[in-house]
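I am attaching a structure below and will ask some questions about it afterwards.
Order of writing sets the labels: A, B and C. Residues in every chain begin at 1.
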Amino acid sequence: MTTTPHRAAGADSGTAGLARAFAEYVPSIEARDVVTVRPRYGLVIDGAEREAREGRVFATTEPATGAHLADVAEAGDGDVDDAVAAARRAYEGGWRDLPGRARAKYLFRIARLLQDRSREFAVLESIDGGKPIRESRDIDVPLAAAHLFHHAGWADKLEYAVPGMSARPLGVVGQIIPWNFPLLMAAWKIAPALACGNTVVLKPAETTPLTALLLAELIAEADLPPGVVNVVTGPGTTGAALAAHPGVDKVAFTGSTGVGKAILRALAGTGTRLTLELGGKGANIVFDDAALDQVVEGIVDGIFFNQGHVCCAGSRLLVQEGVAGELLDRLRRRIELLRVGDPLDKNTDVGAINSSAQLERIRGFVEGAAAEGCRIDQPARAIPSEGLFFPPTIVSGLGGSEAIAREEVFGPVLAVQTFRTEAEAVAKANATAYGLSAGIWTEKGSRILWTSQRLRAGVVWANCFNQFDPASPFGGVRESGFGREGGRQGLAEYLSLAPVGA
Amino acid sequence: MLSLGRDTRGSVLTGSLLGAPVRVAAVDGYALEQRAARLAARSVKRESKEAGLELAAHCIDLTTLEGADTPGKVRALCSRALHPDPDDPAMAPVAAVCVYPALVAEARAAVEGSGVKVASVAGAFPSGQSHLADRLDEIRRAVEDGADEIDIVLNRGALLAGRLDVVHDEVAASKEACGRAHLKTILETGELGSYEMVRLASMVAMAAGSDVIKTSTGKLPVGATAPVALCMAEAIREFSDQTGVEVGLKLAGGIRTSKQALGYLAIVAETLGPDWLTPDRFRIGASTLLNDIVLQRRFRRTGRYGRTHDLPVD
Amino acid sequence: MTGRLEVRKTYKLFIGGAFPRSESGRTTPVTTPDGRLLAHVAQASRKDVRDAVRAARGAQGAWDGRTPYNRGQIIYRVAEVLEGRSAQLAGELEAVGVASADARADVERAIDAAVYWAGFADKLDALAGGVNPVAGPFLNLSTTVPLGVCALACPGTGVHGVVSLVCPAIMAGNTVVALAGGPAALVTSTLGEVIATSDVPGGVVNLLTGDHAQLLPWLADHDDVDLIDLSGAPDGSAADLEARAADNLKRTVRTGGAEDLLTAMAFCEIRTVWHPARI
C-alpha cells in the first residue's frame, strides 16, 4: 500500500516552523510574588515564634538556583525540651479532653485555610524543595488538604476505628518528616495525630522547613490552642533529640531506613510507640499483554514523579522478555519529551534535585552502573547548566547484583531488568530488603490478583502507580518500616486501644 | 479476509490489505485519561500560543453540515475560509471547507485556485446505514463534483457486531471509490463504548487504507475528547511503527475554543511529534473555533479584549 | 511383684514436623518438687534455633497460601487433640509441682484459646482490612498479610503460655518458632506431639525447649525472623533484644496472648491494592 502525497493549503515549511515554535512551550512561570519568604524564621513553640535558645540558625536554599532563601532557627536539646513540655501542657490542659467534634472543627478549619492559600503553599514548596509547580499545585497541596479534611471527620468517630476497641489518645507525639514532600508529610502526620487527641512536636527536614512553618502560621490562624502543634526546625540532631525525648509517647518517622534503625535502637526498651515509613526499591512489573502506551506513562509517573525523590518510587522496572525491546524503545522515545528545568515553570516535568549531596549520590549510582557496563539512556534535550538538575535516566542491561538494581537511589533513575514467568517476576520483585510499593501491569485480572498476593509490599498499584489518598493506608513491610498512615489502619497508630469494657 | 486473533500479548489483525499482521494494543482507560488531561492542560503562552493558534487555523476544516445549507451559505463559508480575519490579510486561509455532497460543486467554485481543499461527507453520513453500493456511488459523485477529500463514516454496527471483515472491506472499497481524493474515516467514537474499541476501530480503518482517521461526525452530543484524541494518536503512532504508513488525524465535534485547540495540539505534538502538525496530517473540524482564534489573535495584536459581532457570518 | 514396667517418654524438640534431640546434645533434667527425675528434656542450642527458623521459613509460603477457613479448621483440630490429651498435659504440669486445679485450668484455657483463634482466621480480613473509599475511580482494597516467621518468647509455666501465642500467629498465616523453658518444658515437648497429629503441616509450628536468656538474642538477631513476641522475655532483657531486632527492622510485640483483635493485628500487616475502575 502506498499513500499519495497530499498537500493542503499551508502544508509548507511555514507550518513546520509553527509546530516547533508551539511545541517548545515558552516558559510559563508561576508568579513568585504570591508568597513572601521572610529573611528569618523562628521555632514555633507554645503558640509563639521564637529564636533557638542558643541563637543558632541554619540556611535554607533554593535548589533550582542555589540562592539563599532564609535563615531558620536551629533547635537544640533545650528547645526540644521546651516544645515537648508545651505539647504536654496543651495535651493535659485541654486538648486531650476536648470533645472529638471540636477537634474535628479545628481540623476542618485548617483544611479550608490550606485550600484558601493553596497557591502560596504550592509556590513556596517548589521554591524551597525544587519540585515542579505542577506537582506541588496538583498533588502535594490538594492531597495535604485532603488529609486534613479526611481526618477531621474521624475525630468524633474514633470508637469505630478498630472494631470492639475503645480509643484514647496517646499523649505527645514527636513527628520527623523528610524533604521530599515537606507539606504533604506534615499534613499526613499532624492530621491523624490531632484527630486522635494527641498534641504534636513536628521536626521538618533541614533543607525544606518553610512550608511546615507556614502551616504552623495557618494553624495559628485557625485558633488552635497554643502548644497543640509545635515546630522545631534543625538538622538530624534535632530529630534525634526529639525521637529519644522521654516526654514523647509516640514517634512517627518518615525517612531513610538507616535513620529508622537508629531510632529503633534509641527507643529499645522504652515502650515508646513508633511508626516508621522508610526507604524502598519498588518493582514495577510489566507483563507482555499490558497496555503498553499506558504502561509507559505509569513507568514515567512511577520513577520521574518528584525527580524520583519518592520512597515508594517504581525504581525497578521488571519487564517480560517478549515485550522488553518494544517497551524500552517507547520509554526511550518518551523521556525525550520530559522537560527538566525551572520548578516554577508550569510545563516542567522534572524539577531540581533537592540538595547537592543528593545530586552527587545520584551521579555516583549512574556512573557506577556505567562502569559496570550497563546501558545508560538520557534525553538529548539539555538540562539547565545552573542549579541542581539531573536528567531522567534509564539504566538497562542489568544483571541484578549492581548497586543501582538493589539500593535506593532516590533520584530520576530507572533500573531495568527482565523476567520470563509470573513466578520469576515475583521472585525478582521480592529480592530486596525493602517492601514498600510495587506495580503490576497486565490486562488479565487473575494475574493481578495472583501476583499482588505474592508481592512483599505494603502498597500495590495495578495498572496505575503513585496513587495516594487519605482513606487508603500507606506504609511498608520488611525494611521499609511498619505502621500505616491513612485509613482506619493509620488511625490505630495514634490511639491507645483497649477492648470495650476492659 | 480480515480477522482478529490473539497471541500471548493480546490482539492481532490479520488479512488486511497490508498483508502483514497488525498488533492492536490494549488500552487502559484511567492512565489514558490522566495523560490526556495533563497534556490538554499544558500551559501554552506567548510565542508558543501565537504559533499554536496560527497553526490551528491552518489545520481547520471549516464545516457546515446542516439540513438548511444552501449555495449561499456555502459561499459565505468559503469566504470565511479564505479570509478568516478580514481586518488581518496576513491571516492565512484554513485547510479545507467541508460540506454535503450536493454542495461540493458550489464550494469547489468558491475556493478554486486558493489552495483550500474541498472536503465532502459521503456514504450516508452521519449514520452510514445505507447499502454499500449507494454509499460508494455517493463518494464517486462527490469526487466527480470536485471534492479533494471524502469523509466517510465507519460501519459501527458491523464493528460492534464483531464483523471486522465487513468494516475493513467497506473502508477499502470506499478508498477505491475515492480515486485521487483522500479518504478520511470517521469512527464516531461516541458510539464505540470504550477506548479499547476506539483503538481497534482506528487500526481497522488504517489497515483498510484510510488516509486520515477522524473522531466524530459532530452529530452526537459527544464529539472529540482529549482521551479519545490521545487514544487515536497512539494508534496512529503504533500503526506507523509497525507498517511505516503515516496516517493523519482529524478531530471534530465540540471543539469551539482556542484553549481546547491548543490542548489538542499538545496531545498530537507530544504523541506523534511536532512534525505531525501539518494540514496534510492533522485537521480540526470546526466552525465557531475559527472566530475564537481570530479574537485571540486580535488580543495578542492590540492588548485589548475584542468582540465577535463584527466578524463575517456564514 | 509382677506389675508391668512403665515405658518412659523421651522429651525432644519439635522442628520441621520431626522430633530431634538438641543438635548440641545437651539436655536439662526436669524433676518433681521433691527431686525425683522426670526426664532429661532436650535443651535447644543456637543451631537448633537456626534449624527451626529454616523450617519455619520453608513452610511459610504454603501455609499462607491455604485459605483462612482451612487454617481455622486445622487450629480447631489442635483444640480437639489437645482436649484428648488434656489429662496427660495436666499430669505433666502436676508432676513438676503445679497444683492440680491450676494445671487443669491452664490446659482448659489453652484449649479454649485454640478454639478462639480457630474461629478468628476467616474474620481477620473483614475486621482489619476492607475497601477504602478513595477519591478517584479505583477499587482500593486492604487485606492482611502475615509477617512471615515469628519468634515467640512464651510466658508462664504451662500449656496456655505457648498455645496462646502460637495460635494467633499461625492463624494469620505466619509460621513460628516458639521458645518455652523451665517447668513448661515437659508440656511444650508434648505439645509438639499434639501439633504433629493435628494436620498442621511440618515446619509451621516449631517448638524449642530451652533457656530464654540464652536463645532469645539469637532469635532477635536472626535476619530471617520477621517478628519477635517478647511476652515471656526475662525482665530487663527488652532493651537489648529490641536493639538487636532493629537490625532487620524486626517487629517487636508483647501480645501476652490476649484474645482480641489487637493480638491478631500484631501478627499481620496491611497490603493495599489499587486498581482503576475505568474502561
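Side notes on the structure shown:
Note that in this section a residue touches a chain if its C-beta (ideal position, glycine included) is under 8 Å from a C-beta of that chain, and two chains touch if they have at least 3 such contacts.
None of the values given here were measured: they were computed from a predicted structure.
Chain centres here are means of the Cα atoms, and by that rule the chain farthest away from subunit C is B. Two chain pairs, A-C and B-C, are compared here, and A-C has more C-beta pairs in contact (counted per touch definition above).
Per-chain Cα centroids separate subunit A from subunit B by 42 Å.
One inter-chain figure worth recording: subunit A and subunit C are separated by 38 Å, centre to centre, where each centre is the mean of the chain's CA atoms. Inter-chain spacing, taken between the CA centroids of subunit B and subunit C, is 69 Å.
Shown for subunit A are the residues in touch with two or more other chains, namely 463-464.
Multi-chain contact residues of subunit C, defined as those touching 2 or more other chains: 138, 276. In subunit B, 28, 30-31 are the positions where the chain touches two or more neighbouring chains simultaneously.
Within the complex formed with subunit B, the residues of subunit C that make contact are 137-138, 276-279. Interface residues of subunit A, counted against subunit B in their complex, comprise 1, 3-4, 6-11, 15-28, 288-295, 297-298, 322-323, 337, 346-347, 443, 463-464.
Only residues 146, 162-165, 257, 260-261, 264-265, 267-270, 276, 278, 433, 448, 452, 455, 457-464, 467, 469, 471-475, 477-479, 481-482, 484, 487-489, 492, 497, 499 of subunit A touch subunit C when the two sit together in their complex. Across the interface of their complex, subunit A is touched by residues 8-10, 17-18, 25-28, 30-32, 34-35, 42-48, 50-52, 54-55, 58-59, 92-96, 114-117, 180, 182, 209, 211, 234, 238, 245-247, 262, 265-266, 269-270, 274-280 of subunit B. Of all residues in subunit B, those touching subunit C in their complex are 28-31, 33, 194-196.
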